[in-house]
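One structure, as structure tokens, below. Some questions next.
Per-chain residue numbering starts at 1, and chain names A, B, C and D are given in the order in which the chains are listed.
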Amino acid sequence: MKRNTFDFFFPLRVRYSEIDAQGVVFNAHYLTYFDTALTEYLRFLDYDYMGAVKSKGIDFHLVKSTIEYLAPVCFDDLIEIGVRAKQIGNTSITWELGIFREKSDRCLTRGEIIWVCARPGGNCSCPLPPELVDRLSGI
Amino acid sequence: MKRNTFDFFFPLRVRYSEIDAQGVVFNAHYLTYFDTALTEYLRFLDYDYMGAVKSKGIDFHLVKSTIEYLAPVCFDDLIEIGVRAKQIGNTSITWELGIFREKSDRCLTRGEIIWVCARPGGNCSCPLPPELVDRLSGI
Amino acid sequence: MKRNTFDFFFPLRVRYSEIDAQGVVFNAHYLTYFDTALTEYLRFLDYDYMGAVKSKGIDFHLVKSTIEYLAPVCFDDLIEIGVRAKQIGNTSITWELGIFREKSDRCLTRGEIIWVCARPGGNCSCPLPPELVDRLSGI
Amino acid sequence: MKRNTFDFFFPLRVRYSEIDAQGVVFNAHYLTYFDTALTEYLRFLDYDYMGAVKSKGIDFHLVKSTIEYLAPVCFDDLIEIGVRAKQIGNTSITWELGIFREKSDRCLTRGEIIWVCARPGGNCSCPLPPELVDRLSGI
């Protein structure tokens, strides 16, 4: 996966609390990075996630996460997390994520996250909000 | 602080995710250990924390935490967390916590946690629930 | 995936620190649960992971994680994490993991974790230690 | 504690993974924020912490942390963490930390962290490195 797969990148620096005894990011924290980058991507698209949850009575359920660890990420590394909607279904979105070092084209970590749109408390999926689909398609 | 300061101990094993590059528990996780041990102590006292929050409209706010790191705790260590109410005020409780290795009298970490009883959404403290005070005094 | 897929289960109780604003376990923590359950499974098999790392100069690299979130797991839930080696290759192991509530056959979370055996510092895979393969096959 | 107590601030945005079921930052994460802000303060002072550990054979041990939770910090809040050396001893430093919202003078969280300088593996304290003392005094 190349860097130019992505139009949006969220930068962050690895915290000491996130590395393990081998000096590399502990595997679970990548999901926190992905979650944070998705929040920032929706902010970048000017999509009000929390507003949609409150006003429209919809929510997004994470149904699947996949992480491929291609190369280690270390303490104090400055990384950039690429985010894009790889596939936009009727009721679901498949996000693709990639972690890179600044100016490097080498992907360190690859992720895929599937969200399903649902009514809170319910188990049935429901159509994605059109405002989100429009924003995702327009980019 | 001696082991016999405490009547109640909650045992746990240090997870790999909790240690840092020096091979010891990262400092923030001790507060998670303390929080978990307090939950278990209230269960041991048969005090229904969540029920009190829901039915009586009260909550406990953590207002201060203090940790003294006396000796390192490492990956896979089996530790026991002692908990006691050191001081029971009108609207607050001061908890004392101590971490020990099994059968050892040497305190590895000492903690103090202050809770204030409050109405949710409010800033004013309110009296501790008598059922909790009774249970804490009876032990 | 059924409960009887697994012979080994590691029990744990969900900590307050692990749940998010929706009252359910935050998605990243499942990888911590899986990591902890794998550590306990190797202990159960009497395989000395840390000893192998130190004495034989080998290590295991996590190369891929997959999580399917089938149903929410909540604060204070007592869960059991099933672990088994789904596939034992020449240089890699594919672990399968499943989270269940006590006595329930309904799988709440399904995981797959791939480890590759490698020399520390190196990028080449190397054969799995025979003692580990024997233990995994004997169960 | 006023905002003008501090000359250095490290900004960060609260992650969804850091809040609990009450929608506020879980208490342990403040220590991660403080740790991250201290790392950034040393970078700002151009003090090479990791270099000192490696080349001079010294290390810093965290011996005590205190947190006062004055007001809640919520998901997505942009906060600024003030850091200063409150007291510079012969072998120890007492750091003072304060969390503020942008442009606000109201302190949300107050922290105090004590580091003791030590030789790795040893239990004896040793004098603070003069380059660090110079940088801390010069600011």
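One rule holds in what follows: contacts are C-beta pairs under 8 Å (C-beta built on N, C-alpha and C of every residue); 3 or more make two chains touch, one makes a residue touch a chain.
These numbers were taken from a predicted model, which means no experiment stands behind them.
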{"item": "Result of counting contacting C-beta pairs for A-C and A-B, higher pair", "value": "A-C"}
{"item": "Chain located farthest away, centre of chain C as origin (C-alpha)", "value": "D"}
{"item": "Interface numbering overlap (same over half, different under half) for chain A and chain D", "value": "same"}
{"item": "Distance between the centres, which are taken as Cα means, of chain D and chain A, whole angstrom", "value": "29"}
{"item": "Geometric centre distance via CA averages, chain B-chain A, whole Å", "value": "35"}
{"item": "Mean-CA-position distance for chain C and chain A (Å)", "value": "24"}
{"item": "Residues within chain D bordering two or more other chains", "value": "16-17, 28, 32, 35"}
{"item": "Category of the chain touch graph - line, ring, star, complete, other", "value": "complete"}
{"item": "Touching residues on chain C, where the partner in the complex is chain A", "value": "27-32, 35, 61-69"}
{"item": "Residues of chain C touching chain D in the complex", "value": "16-17, 19-23, 26, 28, 75"}
{"item": "Footprint of chain D on chain A - complex, ascending", "value": "15-17, 32, 35-36, 39, 50, 76"}
